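Got some structures for you, see below.
What follows is chain A paired twice: with chain B in the first complex and chain C in the second.
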Partner chain A sequence: MSLRNFKIYRGDDERGELVSYQCEVSEGMVVLDVIHRIQADQANDLACRWNCKAGKCGSCSIEINGKPRLGCMTRMNEFEEDQTLTITPLKSFPVIRDIVTDVSWNYKQNEEITPFSPSEEDKKKGFVMMQKDVERVQEFRKCIECNLCQNMCHVIRDNEGKENFSGPRYMARLASLEMHPMDRADRIGDIKDKHGSGMCNITRCCTEVCPEGIQITDDAIIPLKERVVDRYYDPVMMLFRKIFSKKERDKTKSKVSSFLKMFF
Partner chain B sequence: MLLKKNLLTDKLREDKWWISPMLVLFGLLSFVIYSTWAAWQGEHFWWSGGNEGFGGYLSPFYSPTVYIDPTKPGVPPMYHSLLGSWPEWLSWLPGQSPAWLILIFPLSFRFTCYYYRKAYYRAFSLNPPACAVQPIQGIPSKVSAITNGNINAFNSGNKYDGERGLLIFQNIHRYAMYFAVIFIFILSYDAFLAFFNDGRLGFGVGTFVLTLNPILLGCYTFGCHSIRHLVGGDLDCYSCSLYKDKVNHSSWKIVSFLNRRHQTFAWLSLVWVGLSDVYVRLVSMGIINDINTWGL
Partner chain C sequence: MLDISGIKRLQFDVLVIGAGGAGLSAAIAASQEEDIRVGLVCKSLLGKAHTVMAEGGMAAALANVDERDDWKIHFRDTMRGGKMLNNWKMAEIHARNAPERVRELEHWGAVFDRTRDGLINQRNFGGHRYPRLAHVGDRTGLEMIRTLQDHGIHQGIDIQMECTALDILKDESGKVSGIVCMYRETGEFIIFETKSLIFATGGAGKSWEVTSNSWEYTGDGYGMAYEAGAELIDMEFNQFHPTGMVWPPSVKGILVTEGVRGEGGILKNSEGKRFMFDYIPEKFANETADTEEEAARWLEGDKTARRPPELLTRDVVARAINTEVKAGRGSEHGGAYLDIATQRSAEDIKKKLPSMYHQFKVLAELDITKQPMEVGPTCHYFMGGIKVEAETSMTTVEGLFACGEAAGGMHGANRLGGNSLSDLLVFGNLSGVEAAKYSRKIKGMPKVDDKDIKRIIQSATSILNREKGNNPYLIHEDLQKNMQYNVGIIRTKNEIVDGISKIDKMKGEFKEVKAAGSSQFNPGWHEALALRNLLISSEAVAKSALLREESRGAHTREDFPDENKNWLEYNIINRKGKDGKMETIKEKRGNADPELKRIANASIEELEIEVKIDHEKIMPKV
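Coming up: the complex of A and B.
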C-alpha cells in the first residue's frame, strides 16, 4: 500500500478544474480502481463511465497524463510512486460531466455507412466462407468501440475534421464490409467523399492507441485509400477495368448496341 | 474554475514524446544532406582497381550509368554508358552529375511511401509531432518565433485538408513503386558485376556491401502497401475461384509479412544505400583499400 497523488478533471464542457486527490494504492490496482476508490471515499459525486472492467466494453476510455487509454487496463505499477497522475476526459468529445464524455457523434458516423448488403441469391442459398477470407475481416471484429482511436486521431482531435472525416474506427468498419466476400455494395465513392479517406495523412496514432492491437492504418485505412486510388487516381487501372471488367464490357456493349439500333 | 480548453491542453503528456520525431528528423535530414552532396560530386562513383574489363563496384546513387563524363576521376569507362557521353542539353545540371537523373525515382518512391509519410508528417511538418500532441501548422514566418518558443507563431491559419488538397499528389505512389521495382533489378545486376574484376570472378568487402544493398531495398520495396494491394489486397474473396485467387492470397501473405516490417526495412535500406555510396566513394578515392580476393 502506498499513498499516491492524483488530479482529476471536475466540471462540464465549458468550465472545470483539476482537483487534487490522494489515494491508497495497493498491488494489482488499475486506474479505474483508483477512480472508484476516490469516488467511494472522497468524491461521491464524481462521474465516471465503466462497465466490464476487463478491457472488452470500451466504456472507461479516459486520458491519463495526456494519453488516451482504458482506465481498466492501465495498471498503477506502470507509474513511478512519486508521480502525480492527471486523469482527464477524452479531449475530442464534449464533456457531459467530469471524465464522462458524449461520444454520440461516433454513432452518427456509423449510421452513415451503407450496411452489409449480400445478394438475394446468397441470402437464399447461403454462403460458405472459407477461413482465409474470414481471417482478414475478423481482425476488425475485435473492435470494442472504445473510441480511443477516434479521440487520438489528430484530424478529429486538433484539426476540426469532424465534418469531413468519419474517423479510424469507421474506416475499419468500412474495410470490414468492403473486404467481405458476401457483400455486394459499392462504397468506394462514399469512402472518398462522405467518409473522407483523403483526410487521413497516415500518422498512425490510431494504430498506436488501439487496445485490441488492430492494425487500423495498415489493414484498413491504407487498403481503402488504395481502392480509392484504383477508382479515381490511377489511369492505367481505369483503362484495365474498362477493357477487362465484365460489368464495364457489358455496359460498353449495351451502349454500342443502342447506338447501332438508331441506324438499323 | 477555468475554461475546459485551457485545462485539457497537450501539455499533459509528461513522457519524452519529442525523442522519436527528433531522431527521425536527424536521420532523414542527414541522408538528404549527404545524398545531395554525393549526387553533386559526379565523380568517384566507380572502382575496378584500375582495370576496365567486365565488372567493378558502382555506387547505387549512380546506377544505371545513363551518361558518363570520361574526363572525371573515378567514373566507369565509356562502354558502361547507356546513352554515351554527357550531352550539351544537360550542361545546366549541378556538377554535371548523372545521379540527379537517377535519384528522382527512389526519392519519389520514398517521399510518397506510406511509412515515410508518418515519419515526415510528424518530424518535419509537425502535424502532429506526436500522438495527442497539438499539431504545429505552417512554416514560421520569423526565426524569432522559434527562438521565443511561441508556438502560435507557427500557425499559418490554413484549414487542414489532409491529402485532399496540395498533398493529393501522394496518390502517385504506385507509379513511383513501378520504377522502384525496376531499380531493384538494376542494382541486383550491379551486385552481380561486383563479383568480377576485369572479368575475373572473386569477392571483396565491396561485393558484400553491394549485394546486401538490393536485398534490403527489395525487402523494403516488396513490402510496399501498393504492391500488397495490387497482388491481392484488392480482392474481396480468396476462395471464389480454383487457382487464381489462391495465387493472389499466397502473394498477399508474403507481401504482408514484409509489410509488417516496412518501417524496419525502410530505415535499414536507407542507411545501407547511403553506406554503399560512401564505401565505393572512399575506395574509388583511394582513401581506403578494398579487401578482396583479386589482389591475391
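Coming up: the complex of A and C.
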C-alpha cells in the first residue's frame, strides 16, 4: 500500500481543470481501479466510462500522462511511486464530462460502410472457408472498438481530417470485409473517396496504440491502398512495370508502393 | 407540480431494452417485419454490453466435428445439466433452433474458427456430450456482438445509447404502453411510448462481491418487471462459474473461460492432486473418465474414452473447488490451480486461448504457457429471471416480453457453458418476431398515464434533491457482502434468514439515499437508481433460496444436501403482493410432453442409436 498522486481532468468541453487527488494503491491495481476508488471515496460524481474491466469491451479509453491507454489494462506498477499520474480524456473527441468523451462520430463512420454482402447462392450452400483464408479477417475482428487508434491518428486529431477520413478503426473494418472470402460487395471506390484511404500517410501511430496488437497499418491500410492504386492509378503502375524487370520489381515494389501510398 | 410537457417522447411498435446478444437479436428480428418501428435502448455504448465477455462459444448441434450430434442429444445434455428443472419446451426450442441461428450469424458476417473441411469448428465444453461450441478462439462473445451490431445498424432500428430505463408504463387495461428512461450523459428524461417492450436486460450479478459481471448487471429488468406485476421464476439458481481470477485482488472474479478446460486444462490443489476425480456425481459416473490415463486419451481424440472430470457441469466443479479450499488445500491466494501449461504446447495455448494469455500476462503478470493459473468460483449468471411463455417469450404482463439472461426457465437449476450465447440468439429472435406480431394486433398507441410518468421522475430526482442522505456506494457494498456471505455458493437456513433481514434494513436505507452533484453523467446517481433493482433481485434470490429446501444444480443448501424428488415438481415464483410486499410461492410445474420426457431420460446409448437411425433416414448411406 502506498499513497500516490493523481491529477484528473474535471469539467466539460468548454471549461475544466486538472484536479489533484491522492489515493492508496495496493498490489495489482490498474488505473481504472484508482479512478473507481477516488469516485467512491472522494468524488462520487466523477464521470468515467467502463464495462468489462478485462480489456475486452474498449470502454475505458483515456490518456494517461498523454498516452492513449485502456484504464483497465494499465497497471500501476508500470509507474514510479513518486510519479504523479495525469489522467485526461481522449483528445480527438469532444468532452462530455470529466474523462468521458463523445465518440458518436466513430459510430457514424461505421454506418457509412457497405455491410457484409454474401451471395444468396453461398448462403444456401453454406459457407466453406479454410482456416488459413479467414485468419487475416479474424485478426481485424479482434478489434474491441476502444477508439484509441482513432484518437491517436493525427489526421483525425486535426479536426478537418474527420470530414475526409474514416480513421484506422474503419480501415481495419473495411479490410475485414474486403478480405472475407464470401463477401461480394465492391468497396474500392468508397475506400478511396468516401473513407479517404489516401489521407493516411503511414505514420503507424494507430498500430502502436492498439491494445489488441492488430497490425492496422501494414495488414489493413496498406493492402487497401494497394487495391485503390491498382484500380485508379494503373498507368503509374504500368510505367513502373515497364521500367523495372520482374525481379527488380519485386525487390523495389515495396519501396515504390509505400512511396505511392503516401499520396493515394 | 412537476411539469412534464417539455420532455421528449418517441413512439415505437416494439422497443427493446438492452443491447447485448439477446437485445440486438430481438431488435433485428422485429425490424424484419413490415411496418414495425423498432427502438433499441442500451445502458452503455452500443457494442459494449456484457456479451463481449463471453469467451468459450455458442452451443449448437451442427454436428460438424462429431457427426453423431443432434438436437435430441443437445436437449438431453441441457436437461441433465439443468437437473431436469428446465422448462421443457424452452429447452426443446433452444436445441432445435440453435444450429440455424448460428448459421444465420455466419451469414451476417461472423467469422468462426474452421474445421479442416472449412466448416464452423466446434469445441468441447462442460456437460456437452460432443464438441458442440462454435467459437472464435476465446473471444466468441465479441464476435457475436460485433456481428449483430454491424448487421443491426443497417436494419432501420432507432438506437438510443447510454440511456437507462427507469420504469414501465401501462395503460388502463394493464397492458404495456411505454417506459420512462434517462440519458446518462445529460440526465434528461425521455418517454418512449410503445405497443410492446422486450426486456433483454441481463442478470443481477452485481449483487455479489466476487462476480464476473460488469456494473451494468444490476437486475434492472427484474426490478422493473416485478414492479409492473410480472413474475420472477427460479431466482434461487445463481451460477457461480468455477473459474474466476482470484489474484490480484483488483481483478478478483474476472472470468477465466471454461475453454481452458475444454482445451485440456486440469485442476489441481495445493498438494498437486488432480482432485476432480474425487467429485464425480453418481449420475455422471458412466460418462466420465475415472483415470488420468483415460482422460488423456479423450484429449487426444479417442472417441471411446470418456470425458475428463474437469468438464463436469459448472455447479459440480465450483462446489469441488470450494470444498478443496475449505479443507485447507487451496492455492496460495485461496483458489485452485488451473494448469494448461503441462497439457498443451505454448503455441497451441496462444492460438486457442489468446485473450486468456493476454489477460493473465497483463493483469496478473503470469505466463499461462509456463505456470498454472489460480482460479476460484465467481458469480456469473442467473438461471432464473422473468417468467415467460415458452412459445412467445411473453411475460405475465401483457405486451412485456423477455429474453436472454433476463428471462428464466430455459436453463433450469444450472446452465451449461455455451448454452447462453445460443439462448441469446434463439430467444432473442423468437421474442422479436412474437413482439412484432403482438404489436401488429394492437390498434393505436396504448395510452400512457402522466401521473405515472411524474411519479417515476420524481422518485428518480428525489435522490439528487435530498439535503442529505445515505451513500449509494456504501449500501451497494453492504449488499454485495451480505449476498456473498449469507446467500453464496453454499447456503443454510440461518444465514439466509440473516441475509433477508439485512436486505430489509438496506431497503430502509435506500429510501434515504442521496447522490451529490448534478444530473449530468453522474455515476453516484446512476448507482443509486440501480440499487432499487439490485435490492429487489437480491430479495427474490434470498427468499427463493430459503423456500427451496433441497440442493439442486447451482442451489446448494448445507442443511438439505440432497436433491429431493418432490421439489422437482415445483418452481418458485416471486411477485409483488397486493400489500406491496414480495410474495414467494411454490408453483406446480406443468406436465412435460411425454416425447420430451422420454428423450431426456433415455440412456445415452439408446439415444445415440436412435439418432443414428434418424440421420440415416434423412441422408441414406450410399
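Quick note on the criterion: the second predicted complex is superposed on the first by the 234 of 264 C-alpha atoms of A that agree within 3 Å, B and C clash if a C-alpha of one lies under 4 Å from a C-alpha of the other, contacts with A are read in each partner's own complex, and residues count from 1 in each chain.
FYI, a residue touches a chain if its C-beta (ideal position, glycine included) is under 8 Å from a C-beta of that chain, and two chains touch if they have at least 3 such contacts.
Computed from a prediction, not measured in an experiment: that's the story for all the values here.
Novice: Pick one for A:130: touches chain B only (first), chain C only (second), both, or neither.
Specialist: Both partners.
Novice: Once the structures are superposed on A, label A:144 by its partner contacts, choosing first (chain B), second (chain C), both or neither.
Specialist: After superposing on A, A:144 lies in contact with chain C but is clear of chain B.
Novice: Between chain B and chain C, whom does A:180 touch in the aligned arrangement: first, second, both, or neither?
Specialist: Both: A:180 reaches chain B and chain C.
Novice: Let me test your reading of the model: by the given contact rule, A:2 touches which partner, first (chain B), second (chain C), both or neither?
Specialist: In the superposition, A:2 contacts neither chain B nor chain C.
Novice: So, does A:152 touch the first partner chain B, the second partner chain C, both, or neither?
Specialist: first
Novice: Can A:42 be said to touch chain B (first), chain C (second), both, or neither?
Specialist: Neither: A:42 stays clear of chain B and chain C.
Novice: Per the contact definition in the header, classify A:230: touching chain B only (first), chain C only (second), both, or neither.
Specialist: A:230 contacts chain B only, not chain C.
Novice: Do any residues of chain A touch both chain B and chain C, and if so, which are they?
Specialist: 129-130, 180.
Novice: Residue numbers of chain A touching chain C in their complex, please.
Specialist: 26-30, 33, 39-40, 44-59, 73, 75, 96-98, 100, 102-103, 107, 110-111, 115-116, 118, 123, 126-131, 134, 137-138, 141-145, 173, 176-177, 180
Novice: Going by the contact rule at the top, pick out the chain B residues touching chain A in the complex.
Specialist: Residue list for chain B touching chain A: 1-4, 7-8, 10-15, 114, 117-118, 121-122, 127-128, 131-132, 134-135, 160-164, 167-168, 171-174, 225-226, 228-229, 233-234, 236-240, 249, 259-260.
Novice: Which chain C residues qualify as touching chain A in the complex?
Specialist: 44-50, 52-53, 103, 106-109, 111, 113-114, 117-119, 136-137, 139, 141-143, 146, 150-151, 153-154, 185, 214-216, 247-251, 254-255, 355, 358-359, 362-365, 471, 473, 515-518, 520-525
Novice: Mind pulling up the chain A residues that touch chain B in the complex?
Specialist: By the definition above, chain A touches chain B via 9, 11-18, 63, 65-68, 83, 86, 88-89, 91, 95, 129-130, 132-133, 152, 154-155, 157-161, 165, 178-181, 183, 196, 198-205, 208-209, 217-218, 222-223, 226-227, 229-230, 233-234.
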